[in-house]
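Right after this note come the structures.
Look for subunit A in each of the two complexes below; its partner is subunit B in the first and subunit C in the second.
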Partner chain A sequence: MLKILKYSFFDLIRSRWSIIYFFFYFVTGMVLLYLSNDVSKAVASLMNVTFILTPLIGTIFGVMNFYNSREFIELLLAQPVPRKNIFLGMFLGISTSLSLSLFLGMGLPFLIFGTFGSDQIMSLVFLLISGIFLTFIFTALAFYIALVNENRLKGFGLAILIWLFMAFIYDGVFLLLLIFLQEYPIEKFAIAMSLFNPVDLSRILIMLKLDISALMGYTGAVFNKFFGNNSGMLISIAALIIWSAVPVFLILKKSAKKDF
Partner chain B sequence: MSGLFAGTINVRQDWPCNSIKSAADLASPFDTVYVHPGRYVEYDIVIDKPLHIIGIDRPVIDGDHKSEIITVKSDSVLIKGFRIRNVGFSFTKDWAGIKIDNKDHCTIEDNEILDSYFGIYLKKSDHSVIRNNYLKSKAENEVNSGNGIHLWYCENIRIENNRIHGHRDGIYFEFVEHSKIIGNLSEGNIRYGLHFMFSNHDDYIGNTFKNNGTGVAVMFSDHINMKKNHFVDNWGTTNYGLLFKEIYDGELSENIFENNTTAIFADGSNRIKIINNEFRGNGWAMNIFSSCMDNEIAYNNFISNTFDLTTNGKRNNNNFHDNFWDQYTGYDLDKDGVGDVPYRPVRLFSYLIGRIPESIILLRSFFIDMINIAEKVAPVLTPQSLTDERPRMKLIVYDRNKGD
Partner chain C sequence: MIEIKGIEKKFGSLEVLKGFDLSLSRGKITAVLGPNGSGKTTLIKSILGLVVPTVGEIRFQGQTIFNDWKYRKEVGYLPQIARFPENLKVKELFKLIEDIREAQGNPEGLIHSFGLEDFLNKKLRFLSGGTRQKVNLVLTFMFDCPLYILDEPTSGLDPIALIRLKDLIKEKKNKGITFLVTTHIMSLVEEISDELIFLLEGQVYFKGTYVEMLNAEKEENLERAIANILEKEHAKDS
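== the complex of A and B ==
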């Protein structure tokens, strides 16, 4: 598995797209830090970019990479290598190389500007953690979709649709539900709703860092518990781990049975 | 002693005169009483002559939770250098560590007042000074706790460089006129750091209000001058950095509001000038109810607040101009430092949170950003007239160190 991971990782890390991806974050980070001179503001702006872009890139890379390396997969399948190792290796190869681009691209500007001493830096750390989680989750989802759908167009469309749903539509539906159900005690429901979307979960992680003063203004006991101590953070991270584990599990299950 | 020269009386535990009470009885007016180190279990000490009572190396007066400790019933008394502890608690009487009852020109200086009910209590006193004291108590709820420094019907009082912790209200003013509160620290008080009721023409300058229920509450008062104070970490549901309720003609300038849930909450407050303040990292920088009129909010810096402004109505009767809003996205083509498009500080989402508090969980969501932009372009739900017509493009710099 490690060999496949290594191959796939180095194949991608040398590709033009990884470098462009890295430079995109690097330039954005530099510009934002230079213009705002304020870590929490830069993180807030980077957050918007990251939570849209990381899932999108993860999705596109995941699907494209899978379809493009179909011959390679078939070749590998003919060898005495366990199926589990092939798919897991490839998935980890893509997601780690994307995560590396993200990590360096976003981390370096902060290092260059020497903002690591500031107490706001935890919000950047959380942004990086959630960005990496999102990369893994959406790459895995895309991989699974590509695995299930032989038809490239259908697979691609479905993967983009999932991204669109998680990044935009979900919150719209969420808000509508909150408006419709406002007469009821909806605190627990609201928290549960956000657990079902990895983008929302990542957003909550950052929110806990940047907006804690505003969050403390909320009256409900359940929210106060969720936001007030570390439980919100722990729950969100736990949910993100589950979110990354489930698609991987699905990939393994599907790949074990699939005919090629 | 002759009448011309003030005498001295020494109090020591191993001497015949071993209590402050007996010294106060023995002393003639204008004497100085020196209290030597030790622990004096005394309460209901009444000072009814103008005396200077000075503790050497901070002697302890322990009230044993019985009653009031020192009651001053004379003009021109100085009490200095004591550690006064364990004031009695009562539901019917306002027992204090030191109370000045109906007398003027007293000074309370450099004392530590610990585990008190009320700390320092001035009742109908004028021209007194409370300076460099340290007050710490363990208030748990509003019902059975007292205020740190409590003033009732006073005039021309100066409260300077005190540190007040763990009371109900750090400093409480009721019917107090022409007084100054300067350079105090009020921290961890369960209700308000500083509380004005029906008090006019007072100044508070250069104080720090940290982690109180609410930093400062100004209620039913006018002509209060608030300057160079620091409001920090006042967190919680009904907690504000600064609360205005029915106040008129005040001025609020050069203050810093940092990490409060709501930095300023104003209800029914008119003709206040809010100028040259800095709002940083608050949940809401301002919550101004539509019952407020003719306030001027100008030359302030709004930085990294979750919400800059929220209000509860559709009208706006206040004048916002020349502020720096870090969320302003307009442009300045003529390069005069003033944005060419007006800024709308009220966002649709803050209106939404007002109606459905749970929607705060969608804060910073991309979807919310989109509807905020839509509302900004064509305001439907937020007050249309609430704009800053001259938003500044750059941080407003002013010299915080220049004199008053």
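== the complex of A and C ==
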């Protein structure tokens, strides 16, 4: 499996898309730090970009890479390699490669500005962790969708739809529900809703870490009230781990039965 | 070497293989014949584990192949349609497969006999159809295996490459290697095959030698014998 992982990893990391992706975070991070010179503020601004962009990039690369590797997959399937190693290796290769671009692109500006000594640097670490979680989760979802749909256009459309839903629509629907159900005790419902969206979960995680109640939003506040900061963060992380595991499990299950 | 029992394969509502038994004997060249879409490739892919049969059992040297992968170390497979990562160079592809198989291959002699020296540094997507097929052949034969499964090995080859391929197959056969070959080239069947399987409508319609097939259909060449069978089936259907 390591060989396939390595091949997929280097194939992507050498491409110009990885470099563009890296520079995007690098430049954004530099500019934000230069303008504010405040770690918390920079992290809060970066967060909004990260939570839209990492799922989108994971989605696009997950789908495209799978469809573009059809040939490679067919070649590998006839070799003495277990099926699950092929799909796991490819998925891990893409997601670690994207995560590395994110990690370096976002981490380097903070290193350059010498902000690593400050106490607030942990909020950057948390942002990196949730960005990496989102990369893995959305790459896996996209990979699974591509595996199920032979039709590229349909697969691509579906994957983008999921991203749109998680990154934008979910929040709108959520907000509407909260307004309609104002009179009822809906805090538990709100918590449950958040658990079903990895983007929300990541946002809650960072808000709790930054501990800026003005930015926490309704769900962040509910999490804070119900679990307190620390257990709230633990629960978010646990939910993100489950979110990462489920699509991988689906990929393995589907790929074991598929005809090529 | 290979035992197939009651193999059935459906793609949705399309029944391609309708439950038959088949065994391949060691050291023989078996040719699988049948019209387009009769399920030859599906049968081969089932043996390789690329296609999962709906029902049935496949054994390789006595062991079931389902959920196994190690047996593929002993199978050299030539796909009907060669699919490669298109941005690789030919020699990078050879290296990659050696890496993945964790085995040292011997491509040099094959590269020479198929005249691929000048293409080693070219990217796969720039190769002509026949040249791709030669690369496909080198990739298959560069590893020593007791069994080779060749799906339409001659497609796109020029006469010289064809002669080289036949010689290669005969040479391996003399060393006791087993072959399973599909082809629409009847002269190839006549020249190299020991046994012949004719697939029709998801069943094994005929199994035997070349001469037995001619005698059964009372024809003097294979093309006519096959045309005969297809016409009879056609008459039955209508």
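One rule holds in what follows: the second predicted complex is superposed on the first by the 242 of 260 C-alpha atoms of A that agree within 3 Å, B and C clash if a C-alpha of one lies under 4 Å from a C-alpha of the other, contacts with A are read in each partner's own complex, and residues count from 1 in each chain.
One rule holds for everything that comes next: a contact is a pair of C-beta atoms (placed from the backbone, for glycine too) under 8 Å apart; a residue touches a chain by one contact, two chains touch by 3 or more.
These numbers were taken from a predicted model, which means no experiment stands behind them.
When the shared chain is aligned, subunit B comes close enough to touch A:Asp171, but subunit C does not. Contact with subunit C, but none with subunit B, is seen for A:Val81 once the two complexes are overlaid on the shared chain. In the superposition on chain A, contact is made by A:Ala190 with subunit B only, not with subunit C. Contacts of A:Arg203 after superposition on the shared chain: subunit B is touched, whereas subunit C is not.
Of the two partners, subunit B and subunit C, it is B that touches more residues of subunit A.
By the touch criterion defined above, A:Lys257 reaches subunit C but does not reach subunit B. In the superposed model, A:Arg70 makes contact with subunit C only, not with subunit B.
Contacts of A:Lys3 after superposition on the shared chain: subunit C is touched, whereas subunit B is not.
Overlap of the subunit B and subunit C interfaces on subunit A comprises no residues. Interface residues of subunit B, counted against subunit A in their complex, comprise 235-237, 239, 259-262, 281-284, 303-304, 306-307, 326, 355-369.
Residue ranges of subunit A in contact with subunit C, taken from their complex: 3-4, 7, 69-72, 74-83, 257-260. On the side of subunit C, the complex with subunit A involves touching residues 11, 45, 48-52, 69-73, 77, 79, 83-86, 96-97, 99-101. Subunit A makes touch with subunit B in their complex at residues 38, 40-41, 44, 47-48, 51-52, 167-168, 171-172, 174-175, 178-179, 182, 186-187, 190-191, 193-194, 200, 203-204, 206-207, 210-211, 213-220, 223.
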